[in-house]
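If you scroll down you'll find the structure; I have some questions about it.
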Amino acid sequence: MGEGLYKVLAHTPTLNARIKKVCIRHAQKKRDAPAELFTTEAALLLDDPEINVIVELIDDADAAYHIVTTALRGGKAVVSANKKMIAANLTELIRLQERHNVPLLYEAACCASIPVIRNLEEYYDNDLLHGISGIVNGSTNYILTKVFEEGADFATALAQAQAEGFAESDPSLDVNGIDAVNKLSILLNHAYGVTVAPGRIVHTGIQNLHEEDARYAREKGYGIKLVAQARKLEDGGVAAFVLPQFVTEQSQLHTVKNEYNGVIIESSLADKQFFYGKGAGGFPTASAVLSDLSALRYNYRYEYKKLNYHAPQEASDDFYLKVCLSCKGLLQAPHEYFDCVLEWSSNEQRCHITGILHFSALVNGQWWKQPGVSLILCPEGIVEGYVPRKIAADAEVEFVEQLVGV
Amino acid sequence: MGEGLYKVLAHTPTLNARIKKVCIRHAQKKRDAPAELFTTEAALLLDDPEINVIVELIDDADAAYHIVTTALRGGKAVVSANKKMIAANLTELIRLQERHNVPLLYEAACCASIPVIRNLEEYYDNDLLHGISGIVNGSTNYILTKVFEEGADFATALAQAQAEGFAESDPSLDVNGIDAVNKLSILLNHAYGVTVAPGRIVHTGIQNLHEEDARYAREKGYGIKLVAQARKLEDGGVAAFVLPQFVTEQSQLHTVKNEYNGVIIESSLADKQFFYGKGAGGFPTASAVLSDLSALRYNYRYEYKKLNYHAPQEASDDFYLKVCLSCKGLLQAPHEYFDCVLEWSSNEQRCHITGILHFSALVNGQWWKQPGVSLILCPEGIVEGYVPRKIAADAEVEFVEQLVGV
Amino acid sequence: MGEGLYKVLAHTPTLNARIKKVCIRHAQKKRDAPAELFTTEAALLLDDPEINVIVELIDDADAAYHIVTTALRGGKAVVSANKKMIAANLTELIRLQERHNVPLLYEAACCASIPVIRNLEEYYDNDLLHGISGIVNGSTNYILTKVFEEGADFATALAQAQAEGFAESDPSLDVNGIDAVNKLSILLNHAYGVTVAPGRIVHTGIQNLHEEDARYAREKGYGIKLVAQARKLEDGGVAAFVLPQFVTEQSQLHTVKNEYNGVIIESSLADKQFFYGKGAGGFPTASAVLSDLSALRYNYRYEYKKLNYHAPQEASDDFYLKVCLSCKGLLQAPHEYFDCVLEWSSNEQRCHITGILHFSALVNGQWWKQPGVSLILCPEGIVEGYVPRKIAADAEVEFVEQLVGV
Amino acid sequence: MGEGLYKVLAHTPTLNARIKKVCIRHAQKKRDAPAELFTTEAALLLDDPEINVIVELIDDADAAYHIVTTALRGGKAVVSANKKMIAANLTELIRLQERHNVPLLYEAACCASIPVIRNLEEYYDNDLLHGISGIVNGSTNYILTKVFEEGADFATALAQAQAEGFAESDPSLDVNGIDAVNKLSILLNHAYGVTVAPGRIVHTGIQNLHEEDARYAREKGYGIKLVAQARKLEDGGVAAFVLPQFVTEQSQLHTVKNEYNGVIIESSLADKQFFYGKGAGGFPTASAVLSDLSALRYNYRYEYKKLNYHAPQEASDDFYLKVCLSCKGLLQAPHEYFDCVLEWSSNEQRCHITGILHFSALVNGQWWKQPGVSLILCPEGIVEGYVPRKIAADAEVEFVEQLVGV
């Protein structure tokens, strides 16, 4: 990607930027640019006083952390696309920006070509933003499209996604939802000023989805997407999670196919907005990096407005979700976590239970991520104003009673 | 209808038939034909030696029985459309035809304008006929179309069917499946030489169908029809019943809308055939009566071939059906009658259990006809070669175990 | 087919029929029945006084004519499936039946397993029959299904039809509509008492249909079928022709796919009826032959009622059709035959002109059958009560004026 | 809208902004804010040294011009939503910003809540931007949705659009495409650095669309949208126009219904992007104004990069379009403007000609805007690399020759 960017910059004279040095890992690899441009020593760049912007594009979070923090401490502006590193260290990175008075921009880290971070910064003041929900990982969306719409099998679809170059080098980061969590963690800061470590965000990926889930979705007229979302609750808290979700044919997320990303933002003034574009791959990433470089020209920096100028927002675990739990048989389903069951169905392959559960049931357990279990959010998602029906002690009894329709 | 037929005959000189007298119930009613044609005394016709054909079209099974049997005994050919009377007395009516050597024709009694009886007589030898299944009651099909395809409510649809004139004077005969049973009873004789009293044919109508059944069918891509069917089993017996059935979009029965009837006949030589036409109303009935009158000209009579020339066929209760049971909650469903459960689903309104049960479970009980319970045949219908899974004593336990997926 | 029938008869004891001899062409061919059953000498059968029924199933119209007429003259009943021979000689064959008082039955000659001839004989009196329209050639319907619905090319589809055994030995008889004409010619007799030599029935097949016609049909929501039809006109004449026709999705003919046949009969009493079944292949043909043999047991014979008992009906050429003419360019289209043009469209491949023309324009010319020209009947077909707009002398001028919208 | 904004600002303390005075037109109108806030004297605001930002939201282009230019000259930053005034005076307004070193922001002027101007400024460098095409007028899109998708008539739909408040006070500005032209004129500056007076942009609206155009579109599987677009040509020029266009079901513009706006941006790096949101109405406009006010906090101003840092782009008239011309009859269609005709069709109401014409044919004439004529861009739009077929002198002859397929 460094090479790609080099070429693009060469053809964008208006940026008034020049690439002085490119730090690479493998010196032997043949490259399509002057040899003197390359080094394997990052320090050569970090210590060079002539260099005032570091663009960090490497696929190694630890190395990236070292480069970015060193650069910021050295007073150099930084552009990074490393969502994993940024998500893991955002609080520190914000502090470094302030202390050294240098900007760190990372539009490429979320949905690549979709300018979602900058728009959140500029457009939505947090007391007006109802929610944000999006397909932020192109690789899993590609696999879902191939598997659930075009009938491919999972392994083939994953291999294709890797061959096309929009899967992470470790595909389990995509497939298990980790990559989406990293992005959501960053978005949460810009959307709501909420800082949550990625590891603490409730999530799962597409790894446990079953072909019967696709059949079930089709019968209901739904698609299945891996959706990262954050939503301001009526009580002021912020709900945030990454889960597979049924989407109706009317939803704009339904139109997002293959490696594309799409983000819906709802706010009281702008009502509903939808941004769509390529979220993975070298060129779309270069596009975002370029726009960051361009913004540096007028000293643009993220203001983290919701963090700095508002009363702090808190991530909340206190809300209800409408979900569909898919597993082999009812007994496997730890139904005691459901507050009420609205609908269920089963055949010889698979059982689907639709009901309402408290979010803490997902926070406090791994039951819903076990092999053979998939949990899919219903189109309604968060259910505000829900009056719980459950009497804790009798939960299991009541569940069976509901089941048999007493 | 008598008047209608009078007019048609007047314009069909080739029949070489003349109406001498029309026996009516209400002398005062104004009629559109010469007054001397009418009488309220049936005996005037039955005793008239000049009259050699009696056409019986009255809506009173007892009176019809008297007229038809008296006429046959008096050596007069008879054309009748009274399916209820014929179904109830077919054995005797066959004997009277033989003893007095006069024909009784009743094409109008089954599907009116569709020549199904004559085709069964002429075309299918019983060892070749795999099965016959049809929509034979226009009134219920009209209601199903209005309610499940056009969103009308049941009462309105029934009133419309009556206003249009294709509901029986007692609509419960249509709605509860009695009319379809009468027709199936007649068809069974001509298709398989099987004589079963209508009262002994397993049946239900559309009276218990629930709007959730329509929702369930739509999700599966099915329609719902009231289907009368008879099928030769592998062991040589004949299965016969009238039940609501899910039909796939590929089935020709799916194309039968409103008051139309449609019959599918499957046989080893002709493969699949489908006959479609109006099965109710004055003109289609007149059409069938007319063709019977025409056939009398060359002394056509039903040969009851399968009854007379073949080893007697027996109605069988020993087979399995794949059905969907719809009820309020699982506990209401007498699940002990199921041999196995393949699929079930439930929401807060309704529960659907799909499984396989032995036909005797329907013969020996009324549980599946109770208010609040509907039983709908799956598209597959009869399941031949099914190996029962049930251990009788543990039936209920096993059902619950299946349910919870042990 | 002789062998197939032999086996079926052996398993149908109730027919009380025995095959004494089978006349074959190739003595050497190995057969699955006792050798003494076979002969290559037709005379052995025709002269045998013990044989009282001749079943003629050979694929040679001249030989069939000799056998059938000899048999009838010899007082033997005949069952034939040879539509070509029957259509060509129907008047003589009717006379022979009368003179020698023996029946000739040929249900298998029209739509094989669909009992259309017998139903026309029995059910519809000609003053009540509005029209009959049907897909009567399974081979062309198979090709149309493959080509226009499944995207096959014409040659492949034809080869498949032949491999499946439902194309005539000379496929051009199917493809050019000749086979359908032969069937329509026979049906015309039974439906309306109209005798027209097949050669005089206006017809074309599917040979000139263009892939742009399929595209055009799809855009309008139509299918394309080869339809044989006869219709009683308001002035009492009978219109009859075989033409490709656009059919709407609501038409039952639209549901007839592959080698199946389907016939719609409309009459004032029965309203609309539809018969559907296999119209080609050994077993469906055997099914019809078998039913004819069965009918011979009670001396059934066609009465040709409409011919014998009614005022003679006349085939009429005096009516208007709504058609779509498809050709390369407007100049190629002999537009002078149109009375008015309602719609036209054209692209670089093909031009479609929809308008109304007098039927005589098709009778008196071959222009509409030229290579590169296809004429497709619109769903409306015959337009009764049409007031011609054309002033003969100025026809062409007016056409162009219409074209350019003056 | 002033009042709405007042309330929003009151609840957005982080902006650190205070409304000192609101200039209104009608002093008597009752308002929901302190009376001392209001004045009818604009000068009171413009001359107040304490006021450093003027927000101009009035529906009067001349008055707006006076206010905005006075404010800029007085060194006050300005936020405006007046697309008409801005489009008409953009060159002067850019010069005033430079001379007085104050920003003028107007995100609300294009697609209200969609941040299209800022994204064009920040994200796309003009040598990479292939094109931009969008539905930028909510009122006409609302009418098209109601009329062509929901079957309303034009007048009713227009009245509804006005009642809902997203039609201009003079609806002909929407309906005739003027409003879209004003927006395109502004976008052209930011996308390509091209300055064209709105009056010189080729455009039409939806005023001449005919219900037969909707029928035609439906048959082809298209929708009809009013699309403003600009595209970089292979020769380096920029094509720009506002025309109704057929859009395929695959196009994201097809999903934009009612008053929503949607913009597709295609570039070599980011590939395809799509932005969707409300483009009209008080709240979405307030949302955009608010974001402009927010941006003023860090001295954001439009850089007009493509104008200032690139070689000047030129609007080009030298390209070909694929269009469909709809009119009463061919003679009415000034077909001499077509270079070639690819497809045409006609019925008794309307004629549609699809072909390729040189854009200058639209620039130099009003023929295609006459009452009774509608011109609709085909989905392909601009046809690059087209080799003209026309021999100028024989144009008309050739057209007719094409028409008749010589």
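Here are some notes:
First chain written, first letter: the chains are A, B, C and D, and each begins at residue 1.
One rule holds for everything that comes next: contacts are C-beta pairs under 8 Å (C-beta built on N, C-alpha and C of every residue); 3 or more make two chains touch, one makes a residue touch a chain.
Computed from a predicted structure; not experimentally measured.
Mean C-alpha position of subunit A lies 34 Å from that of subunit D.
The distance from the centre of subunit B to the centre of subunit D, with each centre set as the mean of the Cα atoms, comes to 65 Å. Measuring from the averaged C-alpha position of subunit A to that of subunit B gives a distance of 61 Å.
Of all residues in subunit B, none touches two or more other chains. Shown here, the protein chains touch around one cycle, each chain meeting exactly two partners.
All chain pairs in contact, by the document's touch criterion: A-B, A-D, B-C, C-D. Of all the residues in subunit C, the ones that touch subunit B in their complex are 8, 11-12, 14-15, 112-115, 118-119, 122-123, 125, 127-128, 252, 255, 267-278, 283-284, 286-288, 290-291, 294-295, 298, 300, 303, 305, 309-310.
Within the complex, the subunit A residues that touch subunit B are 219-220, 328-332, 342-348, 351-352, 354, 403-406.
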